[in-house]
Amino acid sequence: MKAITRANWLKSWEFLLFVVFVGVIILNVSLSPFFLGLDNLVNVLQLSVETIMIGLIMTLIIINGEIDLSVAAVMGLCATAFGLLYQNGTPLPLAALLTLGLGLLCGAFNGLWIAYMGLPSLVVTLAGLVGYRGLAYVLLEDKSVTNFPDEFSALGQHNLPGLPIPATLILFAFLFIIFFIVLHYSAFGRYVYVVGNNKTAARFAGVNVRRVKMILFTVSGFMSALAALVYAARVGTVRPNVANGLELDIITIVLLGGVSIFGGSGTLIGVGLSMLTVLSFRNGMTLANISGSVQTSVIGVLLILSVLLPNLFQEVQTRWRQRHYSEQQVQAGKERDVETKQPSDVTP
Amino acid sequence: MNISSFIRRSNMRIEQLRELALLFIIILIVLFFGSQIPRYFTGTTFERVGVNVSIIVVVAVGMTLVVLTRNIDLSVGSTVGLIAFVVGQQLSDHHNLSPVLAVLLAIGIGTLLGMLNGLIVAFGKVPAIVTTLGTLAIYRGLLFAYANSTSIHTQNLPGWIIDLPRVKVLTIGDLNITFLVATAIVIVVIFQLALIYLPSARRLYAIGSDPETALTSGIPQRRLVFFAFTICGALAGLGGFMYLAQIGTITTVAAQGLELEVVAAVVLGGVSTLGGTGRVIGALLGAVLVGIIEQGLVRMQFNEFWKQAIEGLAILIAVVSDSALRTRLRISLSHNQAMPISTETEKAGPTL
Amino acid sequence: MKLENSETVPTLEIKGISKRFAGTQALDKVSFALYPGEVHALLENGAGKSTLIKIVTGMYRPDEGEILIEGRPVQIDNAVQAQKLGIAAIYQEPRIFPDLNVAENIFIAHGNRGNLLRWRKLYADAEAVLDQLGVKLDVRSPARDLTLAMQQSVEIAKAISLNARVLIMDEPTASLSAHEVEQLFALVNALRNHGVAILFISHRIEEVFKIADRVTIFRDGKWISTAPVSRVTPESAIRDMVGRTLDTLFPKHDVALGETLLSVKNLSKGDAFSGITLEIKRGEIVGFAGLVGARRTDVALALFGIAPADSGEVQFKGQPRKITSPEQAMALGIAYVPEDRHEQGLVLPMSIIANISLPTLSQFLTRFGLIKRQQETDTAEDYRKRLSIRTSGLSLEVGKLSGGNQQKVVISKWLNAKPALLILDEPTRGIDVGAKAEVHNIISELATQGIGIMLISSDLPEVLGMCDRIVVMREGRQMAIISRQEATQETVMAAAMGQMVETT
């Protein structure tokens, strides 16, 4: 893995993001003195706890060079199933367990086609996006389930006794730590990066590429189911259109966190910072009375800029080199910047 | 006789075979519904299906162009909604706005929105998924800002546009072809012909088929991809106009999710997301298939909520069978290949 | 065919072209000329031809030297310029659009603007071009349905339609059947009659003698000779290609050979290779010699489980085995250092440390499955010392290392797996002389430790200097197994080219 030397770190995406984050905080504070209050900060995170939960697994999937567009639909399906099970008398713990199982199943189904049949994840999860959501509608149609028991809702809405932080955020923090350790310190995490960088070299080194992908998509289904349970507890109402369009937010946060859409790079630190930044930014905009939809479009602009600006910068750099250095050095510079495929008999 | 000898003999491209199979499936399904539903084979059925499908078809034509180059445009839903609203607003405020101008306004805005996508993807080199996920949000936000918590209501619109869906262009016996359906058909014909006879359009296929070879062959890749997105936007604009005529009441969530239905139609129609194959006619057939299934289910008193689930399943089946079919056909059709046969899924490219 | 007389201007002439990459001089002041209507063969021992092709087709710029088209000096900056100058190249793997049909593939690069495509005319024109070349094809079939040979003809037709005056053919016959080769030659003759200058690069000596007018020989990036084919014989060609004296610096130790490690009988895989039968003992270095297209790598990939064989027996450490995956091969104790170190051997953006530990990551884990970073670093440091990997730091991305050091990283990574059998595929290709010697030392060391080594190499002196025995392959078949005592450059090269030679 790339070592974080001092010089490196200053140039890294994470640092840039940190600067932006600080900027956003300052902006928000100027907009409203309540921003830095613990209550508000906690609230900001809580409102989007499902988004950031799923964002954890989405980070790994994109680093691995794939994508999962079906996460929100699976969450909707699981929420619906959970509501139905409970409504029909299933004891809550059992219903929760079955829901988690359903999520696992959906994820594994995706994984089957992607990991073992080699189909492109974009289309398979697109089919899932439509299909799983459709199943949710089949199950619950246009109705909703609302009367969850108080103890359950308390889990979702209240703080754990004695702590100033809601139970859901504690859950998130716990998950964040686990994912962090797995991605950055475990063998599996190493494999996720390697496969995302160079599937062939991974295979030639004996990495079981298929198993890695299968695990990732299965976990994705599980996380979506978990998020569904959290949502049911927190919001108290479940409908088939739960989390409609949430995948956009999730993917945006991950990409803004410095994870390349092409795979192979990015860190959970970056994504964590991105979560804080984006959510604070949204909060600030809310405080400034900007509507939710406009907020989303601003995020959309940021998303595009996050890829566009580095590209333009690269282009300018190459042109500058061309004017100031010999063609040799330009060529050498290009060969250093870009991994070009060389003929196997001569390698520069 | 097996499939490969059949193909060799009849000189068909794989795409045409695919479309034929799709047509066959449509016929089967129509027959099935016909047996289950009384008075299925009437003009009303055709009208109802046509009504639902024509907007999707128009937008799908544009999407086809983009997908052929191995890109995708997820912002079409927001584009359609935005344009439906803007044009609707203008018509509500200025009842004497001429229809032609209204249509031009719709297409014009769509073109601009498409050009933005094209600029960012082709010249900014931002992958299409990222770009159009972003513009999906941006255009929807623009709609929101423009709408400012209002909606367009049918009663405020000039009569001609409310009546437009019912205007009959052609009547064959029991069958009425309405204006919107005719528009869709005309668009399909124009672009299908363009894709056959226009050299620039053929180059779209080349770009999707093998982007690297396209580069070394001197094909102006960036310009062509830019045009593809621009036209996609223009057609989405037209689709927006048709949406306004069709639905009348436009809210800020208008056409949300439309892009998925369009992609579904395109994928079902045999246009591969890996680029290089597929035709506009395929997209038409794909949209028709979904429309027919949807209609039939409703008529059979089926739970209307099955529509989406079946759509999702259909996309999956289409992708899996396409992949399997193409691999198997290729192995049996080609002989003496010393090269290892790479499956389509190994093609590297901008889309995942 | 008419050759140079003092009045004919060469269509393409290169003068004093050199190109250097980090550590290797790919081309060293090479010069020769191509005349209209001549088939000029290039025989090469070394690795300069790819670079030469890339220079002439505008991918690279030479460090020094001139390129002249019909007597005028030109600068070729990119592919489109090369095309405009009338230079075209076809390669072993055809560059076509698989989804478009033949006619479209031929004409797609033409910049006809705005006119409507008239399909009937397109098909007629395509057939006309193909006719000129004497090729019969269904112009309506999608290019992906064609055989390799037919795809090649389409590429050539495309070049002709763009008025190519120079056609470079890089190993065009490598994947063709005998019949297809005949057809290709007929095509080449048609081109010749049209005055096209053809650079025919091939390793098949008999073909060269059948089709070429003149023969140029390169060795290690240097021009050796150019002569009319009538004045060259296979023996003289081989001699020119091989030319230098053996380096006496190959550190081959005498090793007492142990028991048989690997025993292969009649290993075959479809079109790739057949009838491979050999043995490797512990401590033995068995070389695999052959030319491009000999399919030696395919055999290695079969033994390593990436592309398993269809039939035949493999016995490893005395047990019969069917090797079907790399994990299995690794578990058995087989390691493979690939030919393509960028795509297959290394993950370029990752650090040296991470690359070295990758195949054996399970060795570096704590009880809970976390990576012991310190142990990783220590291991990498170990190998850095052992193999003299030159780097500013072990956390550096391997992509930034020189070729030689990259290769050492690959070797380290596999050494760490403690293999019993180590397969090396062109391990010293593209690395500088110093690193090369170091790698050879390492290989010898390993043999003394009882590791069996399969050394695939196109570098004859290397093979002769390092190996106990040499298996020579040609186009997927095993031609000979030559012992160290009897192996000479000529015998090995001759066997590699299919000339019959006395062997053990």
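General remarks:
Each chain carries a letter (A, B and C) given by its place in the written order, and its residues are counted from 1.
Just so we're on the same page, contacts are C-beta pairs under 8 Å (C-beta built on N, C-alpha and C of every residue); 3 or more make two chains touch, one makes a residue touch a chain.
Owing to the predicted nature of the structure, the values given are computational and were not obtained by experimental measurement.
Looking at the partners of chain B and chain C together, the chains they share are A. Looking at contacts between chains, the pair that accounts for the most C-beta pairs is A-B. Distance from chain B peaks, on a Cα-centroid basis, for C. Annotation: 43 Å between the Cα-based centres of chain A and chain C.
Spacing of chain A relative to chain B, judged by their CA centroids, is 29 angstrom. Residues 11, 13-14, 196-200, 202-203, 205-206, 208-210, 212-219, 276-277, 330, 333-339 of chain B are the ones touching chain C in the complex. Residues of chain C touching chain A in their complex: 21-22, 24, 26, 47-48, 50-51, 54, 60-61, 63, 306, 326-327, 329-330, 336, 338-351, 354, 358-359, 361-362, 364-365, 369-371, 393, 395, 397, 399-400, 403, 413, 426, 429-430.
Here chain B touches chain A in the complex through residues 72, 120, 124-127, 129-131, 133-145, 252, 256, 260, 263-264, 267, 273-274, 303, 305-313, 315-316, 319-320, 323, 343, 345-346, 351-352, going by the rule given at the top.
Chain A meets chain C in the complex at residues 1-3, 5, 181, 185-188, 190-191, 193-194, 197-198, 200-208, 264-265, 327-328, 331, 336, 339, 341-348. Considering their complex, residues 79-80, 83, 93, 95-101, 104, 108-109, 111-117, 119, 138, 140-142, 144-149, 175, 177, 180, 271 of chain C touch chain B.
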